[in-house]
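Down below is the structure, laid out as structure tokens.
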Amino acid sequence: MTGSPFTTEHDELRARVRRWVDEELLPHVDEWEAADLFPDDVFHRAGELGFLGLSVPVEDGGQGWDYWATAVFLEEISRASGSIAMGLGVQTDMCTPQIRQFGTPEQVERYLKPAYRGEKIGSVGITEPDVGSDVASIRTHAKPTADGWVINGSKMYITNGVRADWVTMVVRTSEQDPSAPSAGMSLFLVDTDLPGFSISKKLDKLGMRSSDTALLFLDDVHVPADALLGTEHEGVKQLMWGLQGERLAGGLLALGGAQMMFDQLLEDAGVRPGAGTGSLRSQRLRDRIAELATDLEANRRLIYDCCDKWNQGVYARTEIAMVKLAAAQLASRIADEVMQLQAGNGYRVGDARESAWRDARLHRIGGGSDEVQRQVISRMMGL
Amino acid sequence: MTGSPFTTEHDELRARVRRWVDEELLPHVDEWEAADLFPDDVFHRAGELGFLGLSVPVEDGGQGWDYWATAVFLEEISRASGSIAMGLGVQTDMCTPQIRQFGTPEQVERYLKPAYRGEKIGSVGITEPDVGSDVASIRTHAKPTADGWVINGSKMYITNGVRADWVTMVVRTSEQDPSAPSAGMSLFLVDTDLPGFSISKKLDKLGMRSSDTALLFLDDVHVPADALLGTEHEGVKQLMWGLQGERLAGGLLALGGAQMMFDQLLEDAGVRPGAGTGSLRSQRLRDRIAELATDLEANRRLIYDCCDKWNQGVYARTEIAMVKLAAAQLASRIADEVMQLQAGNGYRVGDARESAWRDARLHRIGGGSDEVQRQVISRMMGL
Amino acid sequence: MLKLDPEAFAAEPALPLFREEHDAYREAARDFVTAVITDNVEDWEVDREYPRELFRTVGAAGHFGAQFDPQWGGAGPDLVASAVFAEELARCGSAGLVADLRAHAAFACRYLDRYGTDEQKQRYLAPSIAGELVGGVGVAEVDDAGTVDGLALRAVRDGNDWVLDGADALVLNGSWADYLIVPAASDTSTPDPEVMLFILDTAAAGVERHRHLRGGWRTSHTAELSCTAVRVPDENRLGRPGDEVAAITEQLVWERLLLALCAVVAAEVSLEQAIAYTRERQAFGRPVASFQVWQHRFADLGTEVELARSLTYHALRLYVAEEEGEDVLPGELDRATAMAKLYTDRVAQRTADECVQAHGGAGYLTEYPAQRYWRDTRLGVPGGGSVDTLREIVARSYGL
Amino acid sequence: MLKLDPEAFAAEPALPLFREEHDAYREAARDFVTAVITDNVEDWEVDREYPRELFRTVGAAGHFGAQFDPQWGGAGPDLVASAVFAEELARCGSAGLVADLRAHAAFACRYLDRYGTDEQKQRYLAPSIAGELVGGVGVAEVDDAGTVDGLALRAVRDGNDWVLDGADALVLNGSWADYLIVPAASDTSTPDPEVMLFILDTAAAGVERHRHLRGGWRTSHTAELSCTAVRVPDENRLGRPGDEVAAITEQLVWERLLLALCAVVAAEVSLEQAIAYTRERQAFGRPVASFQVWQHRFADLGTEVELARSLTYHALRLYVAEEEGEDVLPGELDRATAMAKLYTDRVAQRTADECVQAHGGAGYLTEYPAQRYWRDTRLGVPGGGSVDTLREIVARSYGL
């Protein structure tokens, strides 16, 4: 249809993802939320269905689609649950792109292709306890040994961190230079079954409860020389290279979540007894829905513009940060409006609205908080 | 009535001020707005009626009331116009309190008593071009001479500045010490008819148009030794002493303006054709009015709490800054809502709504902008 | 010139509220709450449970009795003191537990005190003030037309008993209370039935209760009540026949006021903790609290908390005045309490949300209370009317 | 595994809008507007007037003709190019003048082009595109029921003429236009009269016009029109009888779209200037733009401007597609343009307000344009429907 970037093939892909979500995921989501973990099999099955690495060339183990396929997938998977969407999003767009860009053919074979097949689960390790968003303060370090490196330190807020087969990790590989505190870091692909690697804690979170988030601890973890990803000391640069894709994926996940909750709001508004068109209560609600619908559409259009440029090899850095900021806030606002409509009753534990509301709150914190995005945007605006 | 801080005497005072506003001011306000100046006689008449210096002891030339009388006056005078309220507010609560606190008996006789009688018009000179709210950057300076001082420099945004008889002015009286940039300044009472004193420009403003705001220029202005107010080099401290009263008065003026526009909103809502109770349009409006009414009441209660403490000699510094911030923003919001109700028609020039809308915008800028108040509040919160 | 007597204006506070003894009581209440409750809150939240024995402890310390007559074991009547206890209790930061204790003392006991017979007071009020009996209340709302909303319990007379059938979806402190104050209708199928109030012994046959499991208020014992042919003796009917709707309406005003007081405290506590956290937490080599965007945001939040507090204290002042028989403009108290509830809920929710944000990643971890305030304030609206109802009350008060 | 052909996905833009020639035209239009208009805006705003000759200058340069056929002196049809001109014109920062020129080219000319006879086009459209005649339009709104709102002009047939009586409160470019496109009703006393459109020569006897004096739009020639027994020949009736309401509705969609495009530009220009000002302006020894609160606020505003732009360009894309006969989902264009107008007005107003604030004291001085954007964006809503109407359109589109 005119005005839509999606072709018939994309529409078919969307239907396939939706069918998987409806038939294989949604029936179990409550149970997985209650159990605080969705099964590893979700990754395997996604790989089997060809949903991981959709926009990656076939020779790298992907499906060879354009970026719109990723947009379809991330939007649709958000309908399953925030946790599943986040876990898979980390797999497809956060821990793997650096391997594709900077990896050796061996690393591609060993990590990337199995990841796209859903056989290996990955995670990405940047943040550290007491460091937050400040990459320059990273303290985890790798010292060269005869046949590789030995890594010591810890990593915080690691999505997929409890079950990951490997972590794409940034660590310090030279002494900190006070004049260039972000220099001298490198990326490593760290296998989680190495001696000295441990999960200090599975973090207990407000929402995204069936996603596993870990505090990791590395105590003299010996990695081989070929665990280094890309160029030594170029870690932060390589990390930043991947940032645009992560943010855009983050925006798409937030958009997908916002759309899912908006649909819920419409449904709730429609079925609410006594709220027939024209009633006073309904008029208030109509206004709120009209405003939210408009905000949602504005977010969608800006995200799609970013996707369109991305497809043409153009990274709209400022707009991507804007989209991340705006979509995260919108998701929270819609979640809040869904709550508001329930008035005094609050939310039953186990109700999808209740978990969606808690899940949505993460978007404004994770993947670079609102404040970080504003800082980034203002820098890009030349401020 | 219970819950109200005002006694029967205050209510009578309110009625008197209101009568003056209704009978002697409002009939001419349009004309004065068009002429970009309200007449000096407004000051004279206010003095004659005993409205200046209401809360000042009789021995200082005031009326000997408590602070609630000032609250009554500032609220009510706001109904005349933003300009008149601001002009009189500067006279009663911004350029005179320092004289009362730090002045010699001669200064009280020469400036304060005539000011309360409405015979002399005063203004206060702090801000300078290119300096803004930053007192430490003040460059106007006074050098001692044999029989007094010679002042050079300029002062910006001076309310009443075109017609003032004197300016309560802060100027630098020693070289700037980089380690204490706000030190070494003093207050002066500068007569505006001295040689070398000139009005560079009457500023052309968005609103508050019948109030005169000036850029002043001082070129070798010789003032006598007794023009010094209070202690030499203690100017900033003395200035800060007066700040609480200025802010509280600013809050009361903003509250008065907000109440006036809220009354207009109610009137407009009532008389709007087709907007009978229960109509869809009316429901939207009812919600907005309920929210604004609540905000207005919250502001009133916090301001009154500050007034109550003030009356007992307690300066609630944090709350006063909060009140200034909140009431200024609320006045702007209500003005905006009054506009919104007029929908596509916009505002006729000459309509009281149109000028009130422009006038209200100043509260967020003048007397310490929103940003300055936030800075002050956060400091007082220990941040 | 005006003629007046300067002597007429003394610098006495024109708007008194708390007296010295209230300040002293606040200090004692704060120490008590900290030691007995606050220090255990994190554990109780994890367990979704706290010891029912707490009612006895609080009662024994005399904190349920501030507004009640010594005849029934109270220390009052002093409404201001009971407001002080409500505030200090709210500082514990566990909104569910606070809701339970508030429902017991401020709602159930207050219903009994105002509308009960001496015999009912002897049987229920006195042991409740002592914390030996635990009470709960069904949440009713009164709509524009003065109709009690959502009445789903039906009461039919049978001899000296009433037979109750139906369900009440929202009963505060309901799952473990010994008795419940519940409204019921003579006939739930007509639009304007007779409304009655009952003291329902929960041990009666046919009473079933299901505790709510919600995203917030994890420690609360809010429950759904269902009654199947429950017999209630007529002596447990509460209030004078015909006055029940007025009683419910009157009670709602007090509920709104208490909820507003607690919302202000919730906002204040969450702000205090967020500021403390950002002072400690380093980012980019300096405390988060040293960043201007946080300083200004905290300034805005602090401002809203103070506005909320002044607005609510004014409503309390009016309430106390009316209770003490002073002249209050008709409708003024209704408006003031509706405004207080409307404004404080908004402030509490916004403050809690920003305070989660101020914690960064830690804001999303259950080990920090920030996320609890966020959940609790958002869910903390039952009782006292929805946003729409409150707006209606305010709009109507202006003749709209 | 999915089976698919990777070759099927080329990296062509999926959402094309501006082509290379549009970018080139934008540059030319920007230079033209800067030299001919922007450089004079401050003077014109002080005078509340600009030379009427401007229409001829703009027409001679070909800028009115982008969307019209060469047969009438146009360079099109190219709607995108005319949108580019509307945007570039809006950059001049004088919303009143912009409204006049937009009313002339995008509204009056477009009415003539779409609904006029060849003879009407010859007489009015061609000289208007050349800037030799100046057109204006009466602002109509169509409510939920498809009724044209606020029709106060009545037209009664008399021989070959229509006799017009009554007043139209809001006629864009009305005080000095040579002709006006105005709606009129067969009978203003019935609720559902026949609606007609006329080309009204303003030289006709009985025409009176009063230019509006408003807080914003100081250079605009928006006027109140009053007609006393004005005779309009039947040949000046516009559009096929019976289709007038559809024509007005159709035109409203285009008006909304253009107003949205201009609102985005207004927000962008005011933001650019505020940023430039705060870079220069020192406070506490450093540029205001270096304070984090301003950096973050500008980031928020920039984000909203980009959201507004994407939303509006999407509506334009749909409009062009529908105009070119492509499939667009029914109702999608209506919704998209209503959303664009709703969102961009909000953004423009908020941005202008924050940009006044960013100027500090200078924001309140008329010598800086910040206060003008603030006045103009707040007043800049006539045409295309009120906030309430737009929300209704959006809500209805979701089946509410």
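For clarity, chains are labelled A, B, C and D in written order, and residue numbers in each chain start from 1.
Keep in mind that, in the parts below, a residue touches a chain if its C-beta (ideal position, glycine included) is under 8 Å from a C-beta of that chain, and two chains touch if they have at least 3 such contacts.
Computed from a predicted structure; not experimentally measured.
In terms of the distance between Cα centroids, chain A is separated most widely from B.
For chain pairs B-C and A-C, the one joined by more C-beta pairs in contact is B-C.
In this assembly, the C-alpha centroid of chain B lies 40 Å from the C-alpha centroid of chain D. In whole angstrom, the spacing between the mean C-alpha positions of chain A and chain B is 52.
Of all residues in chain A, those that touch two or more other chains are 284, 287, 371, 374.
Counting partners per residue, chain C has 293, 296 as the residues that reach two or more other chains.
Every residue of chain D that touches chain A in the complex is listed here, in rising order: 1-2, 4, 6, 8-15, 275, 289-290, 294-296, 298-300, 302-304, 306-308, 310-311, 313-314, 317-318, 321-322, 326-329, 332, 336, 339, 342-343, 390-392, 394-395, 398-400.
Residues of chain A that touch chain C in their complex: 127, 130, 132-134, 136-137, 156-157, 203-208, 281, 284, 332, 336, 339-340, 343-350, 354, 357-358, 361-362, 364-366, 369-371, 374. Residues 139, 169-170, 212-217, 281-285, 293, 353, 356-357, 360-361, 363-367, 371, 374-375, 378-379, 381-383, 386-388 of chain D touch chain B in their complex. Listed in rising order, the residues of chain B touching chain A in the complex are 278, 280, 283-284, 287.
In the complex of the two chains, the chain A residues touching chain D come out as 1-3, 5-7, 9, 13, 16, 48-50, 57-58, 63-66, 68-69, 266, 269-270, 277, 282, 285-287, 289-291, 293-295, 297-299, 301-302, 304-305, 308, 311-313, 318-319, 322, 325-326, 371, 373-375, 377-378, 381-383.
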